[in-house]
Amino acid sequence: MSILVGRETRLLVQGITGREGEFHSRQSLEYGTRIVAGVTPGKGGRRALDGRVPVFDTVADAVAATGANASVIYVPAPGAPDAVMEAAEAGIATIVCITEGIPALDMLTAVEVARDRGATLIGPNCPGATSPGSQAKVGIIPASIHRPGGVGVVSRSGTLTYEAVQAMTDAGIGQSTCVGIGGDPIIGTTFTEILRLFHDDPETEAIVLIGEIGGAAEEEAAAFAAEHLRGTPMAAFIAGRTAPSGRRMGHAGAIISGGSGTAADKIAALEAAGIRVAGSPTELPRLLRESGYRG
Amino acid sequence: MSILVGRETRLLVQGITGREGEFHSRQSLEYGTRIVAGVTPGKGGRRALDGRVPVFDTVADAVAATGANASVIYVPAPGAPDAVMEAAEAGIATIVCITEGIPALDMLTAVEVARDRGATLIGPNCPGATSPGSQAKVGIIPASIHRPGGVGVVSRSGTLTYEAVQAMTDAGIGQSTCVGIGGDPIIGTTFTEILRLFHDDPETEAIVLIGEIGGAAEEEAAAFAAEHLRGTPMAAFIAGRTAPSGRRMGHAGAIISGGSGTAADKIAALEAAGIRVAGSPTELPRLLRESGYRG
Amino acid sequence: MKIQEADAKSLLLAHGLPVPPWELARSPAEVRAAAERFFAAGAARVVVKAQVLVGGRGKAGGVKLAGSADEAEAVGAAILGMEIKGITVRKVLVAEAAEIVREYYLGAILDRASRRIVVMASAEGGVEIEEVARTNPGAIHRLATHPFLGLQPWQARQLAYAVGLGGHVRDFVRIAGGLVATMRDRDADLVEVNPLAVVRGAPGPAGQATDQLVCLDAKITLDDSALSRHPDLEAMRDLDEEDPVDVEARSLGINYIHLDGSIGCMVNGAGLAMTTMDLVKRAGGEPANFLDIGGGAKAERVAAAMRLILADPKVQAILVNIFGGITRGDEVAHGLIEARSRQSREVPMVVRIVGTNAEEAARLLREARFETAASLDEAAATAVAIAAGGAMGGAA
Amino acid sequence: MKIQEADAKSLLLAHGLPVPPWELARSPAEVRAAAERFFAAGAARVVVKAQVLVGGRGKAGGVKLAGSADEAEAVGAAILGMEIKGITVRKVLVAEAAEIVREYYLGAILDRASRRIVVMASAEGGVEIEEVARTNPGAIHRLATHPFLGLQPWQARQLAYAVGLGGHVRDFVRIAGGLVATMRDRDADLVEVNPLAVVRGAPGPAGQATDQLVCLDAKITLDDSALSRHPDLEAMRDLDEEDPVDVEARSLGINYIHLDGSIGCMVNGAGLAMTTMDLVKRAGGEPANFLDIGGGAKAERVAAAMRLILADPKVQAILVNIFGGITRGDEVAHGLIEARSRQSREVPMVVRIVGTNAEEAARLLREARFETAASLDEAAATAVAIAAGGAMGGAA
């Protein structure tokens, strides 16, 4: 078991013939992910990835022909919200949008359509999700950092996640699923919703949460954890203790505005919920052990 | 029992201080309808209809204070779709929009919002609904034409409905509920949905349907009746046998376009479903009796 | 309200859709001058198209090609002044005749059943869509747009691939989006491009001749209920094609449609007005008009409606049928009495008033010696009998 | 991207919102001339407001009233050139000083948790909304707009009555609707009017003095991700207030924010870049910057990033931290070697590269005799030690 992506994942790649889409799809295939279809309007009927994957003009065609149930989107920003909506309307259950730089108001619409259709949208501006035990890698998280195991990892960041996961793998701690939820202000799925999925996943025995400044998603996650995850070993890391106020720290969502969204607030909220917060990602394995994780 | 409006109706009037709103509300009150509130933005805190009905600025305020569960809208066309949405969002279950001349595209939005909220919207451009047995009169149908009884009447028209109902009352046939669904192309509730309500209403023993040229709602109703109402005595009348093609016959929805929406098509569909179609509204009582109605 | 092809094309052009240039001409000389400009710009042939709001102008000879200025002038002379379904052609559209590779249909309509704007496309373009719907319904691809979101690009792409326009998918998405945007921004009931054509040799931005997707004809019907918020569109109303009586009726707030019979009808309510016409026909007569005086009509509007009816010389009898609700019977009776006192010619009248204040109306009509009837069926039969030259009834 | 008050007011004005007229001035003489025009038009007093993107200009003395042209010139001279939170005032806005009856707050924000545009209003206007949120949160009324439909008039009316603006409900509905429309049309994250004020004596269309609801101040933050589709808004960027290094970084596609410390940081990924800064601080140092070279950076972008860091004279040591994913470690190593070969001043550097092609990177760095570190913690500690004047490490 795992969350979002796993053995039952039949992956569709939207934008499979683009540079990014092709490169990362190749990595996913090598990892063992079952990629059943690609979509690039105008290239329907061809085959991608050395002939291994059929390409369709529309998501509806791809779903009808291959039974795809998950999609990863590498479409450039101007077309990405439309790609999300196309996937949602075609009945795709899990949609992972890697694309960076999508206008926030476009995402409001796409998120709402995904919700209306009952799809789970991860991202945008996220590295995706990997379930090492199921060899399912959807997105751009490097395959090499993983080890199968029982810790669910959820993060707003990309390379910082890799850092944390690598530290866990180095310490012998494997992962059930690693999910990057994205660094934009408007994202399809927030910490709390992922925590709920981990909570319901029998394979996930412990959870690592990696947050950063901006918004209040970590505080909401802390409230959820305090209520529902008291028995689950957890550890967290928050980036941006030294970030100045009023400046976007790279991610569109990483900004302290009007004095709210500081790292200090988030750390305080997590600690109040009984979650230890690491001073460095390398401390996460130790904190997990100390919080009772034996995996 | 009855459909849409009845003893349990706690009516709110949107636009109660306007000329039309006040005039017809007075008639409804006299008929015995329980009018619990009125809404006119800017006149909150006053009382209308000789002090009998409190007026509020917003529907939410009115619902909170009075528990209104139905609303009738006499707001002029530019503000009427907003009034429908305000009522739907405030949790009103039955919304009757009398207003004529609302742009169709505005109604697309209002109808969708009402649907999303689970509200039943009747109209616009309709005379409303009256349940004589419950003394509930919501809208502008003259009180004098009714007689309590077991026949459900549904119609796209106003005065033509009065004509038909009067003929029934004169013949000693009473009505459970009379509903005018409105003459516009985009309306909240169509024949079929009303037939379903009549079908589920134990008090309604027979049904009269009064249609006219334009669209295919009568054909859809015939298909529904053929499937679900074979045991229910029914009679119908269709106006516009002599209407020319391509001209709007008063109602925005009453137009034969591209050869479709003719009276002949509708009559044929109804007859194919086993429903007798009258040549004049005055024949409806006889046809009802002949179709087995004993009420 | 229907608008002329040229106006519809202007609206599409304003939304950035590819519509080849055209000129309007009102005389053969103007047709010639316009044709000369197209020939000078490199056209091999021009097309001259009657601008009328009725369908079937092609079959009626209202669309013709010309290969020279002389021919264009002659064709213009033939079309201008021609009658098509009773409408005199007063304007023609002149444009370069496109070299058509393939014709498609693309239309957006307000769909009553789904309460959605539905976009329809077909590879069978250039013929009436109703014809395709009858003969080959599977050739029409339909998709419903979300009422809040409009047409999404992915939907338009699906349609493009469905009709085989995948090679022009970008242009198709833009055109279909523009059609729906036109519909929404202008409050149209219908926006139709037929044919949407792949044409050869239409000059590109750099003058190159390549296959292009263009709107060769356009048809737009506007929502009458929304015209008040679009004064620019109201100005597109073609009064040339309207019966002057219709125009007057509209200005009076009366719904009036002129027909061919001899029984003038005055009714309150559209459904009842149609029913009254139907019953006249059933009694063996022919209605002269549809006329709905609307709800709550006062005496003066009744009098005005009477003038409209009497303006039709074919009217032999008048049937007044009022079911009072908002409308008060006594107001109508006053209006009728007033109107009769001023009317220029003597036409017999049968009046039936029931509902609100019917008793007072009956008293007024009795005192004024009007012919009355109790039921609608009886009123229709009496009016028909009168028009046929029968008895005026005992009371007259 | 933040824009100046005057630009924000222009955008509101373009959506038909009531914004009293203003002029911009860049010198005391211009302030005087503008003030004279307002006095000539009947103003009793004018207000002169510093145009800076940082908050708190009022407290800093950047907003002043003047009752005469002389006074306006003097006030202008005092404000222009003033420093507010490190920003030099180069422009002021001059307007008639309104006679304020009551101040309100009205703002539209992009709410992350609900994924909605949320409109907030409060009767406590004229102070920072964050202050109200802390001291009297019940005074802020919030409503979420539907993502497809935007702000509905009925919602705006509810808000008007909630804050006690029922007497101006029509204007309030129009203004609130315009705020959300501005947000949607311009891709703003935040549109704020504070104060939204009832003012007396503001001239109406016919010159009459009546109470009116007007936007006295405006604040708009634009979505950086959407600027590419709004070239007119990109032009509102105030380069005067930006560090030239920030401007250069943006042109290179590098996320760079200048800070006050001595350890220059070069990292791939925003979260990791913040973490690197945090670890520098934790090791007792101060980061000189935030710098994210982005995903898949090639050697030349790495070299450019190095130039940006070195342009800061306070930088005493450089910490490079790369977790290769899309970014290839060997590319980064090449970039670093290239950059060092050209760099104008000698600054010690600690490099940590893991992930994709880390082995090749390690070989290249070893050959080029770079100081390297295995872990992030170690890299931070070493960099801090170097900057503090400690050993360069044995390998150097």
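Points to keep in mind about this one:
Each chain carries a letter (A, B, C and D) given by its place in the written order, and its residues are counted from 1.
Following the convention adopted for this analysis, a residue touches a chain if its C-beta (ideal position, glycine included) is under 8 Å from a C-beta of that chain, and two chains touch if they have at least 3 such contacts.
Since this is a predicted model, take the numbers as computed values, not measurements.
Under the contact definition stated at the top, the chains bordering both chain A and chain D are C. In this structure, the chain pairs B-C and B-D differ in their number of contacting C-beta pairs, and the larger number is found at B-C. Here the spacing of chain B and chain D, counted between their Cα centres, is 55 Å. Chain centres here are Cα averages; for chain B and chain C they lie 28 Å apart.
With centres set at the average Cα position, the gap from chain A to chain B is 51 Å. Among the residues of chain D, those touching two or more other chains are numbered 148-149. Residues of chain B in contact with at least two other chains: 109.
Viewed as a contact network, the protein chains fit none of the simple shapes, being neither a path, a ring, a star nor fully connected. Those chain pairs judged to touch are A-C, A-D, B-C, B-D, C-D. Remark: chain D residues 110, 112-113, 115-117, 128-130, 147-148, 183-184, 187, 189, 223-226, 229, 255, 257, 259, 267-275, 277-282, 287, 290, 292, 295, 323-326, 354-356, 375-377 touch chain A in the complex. Chain A makes touch with chain C in their complex at residues 41-42, 44, 57-61, 79, 82-83, 85-86, 89, 109, 113.
By the touch rule above, chain D contacts chain C in their complex via residues 146, 148-149.
On the side of chain A, the complex with chain D involves touching residues 77-78, 100-109, 111-112, 127, 140-142, 144-145, 155-163, 166, 183-186, 190, 210, 212-213, 215-217, 220, 237, 239-244, 247-254, 258-260, 263, 279-282. On the side of chain C, the complex with chain A involves touching residues 149, 152-154, 157-158, 161, 166, 169.
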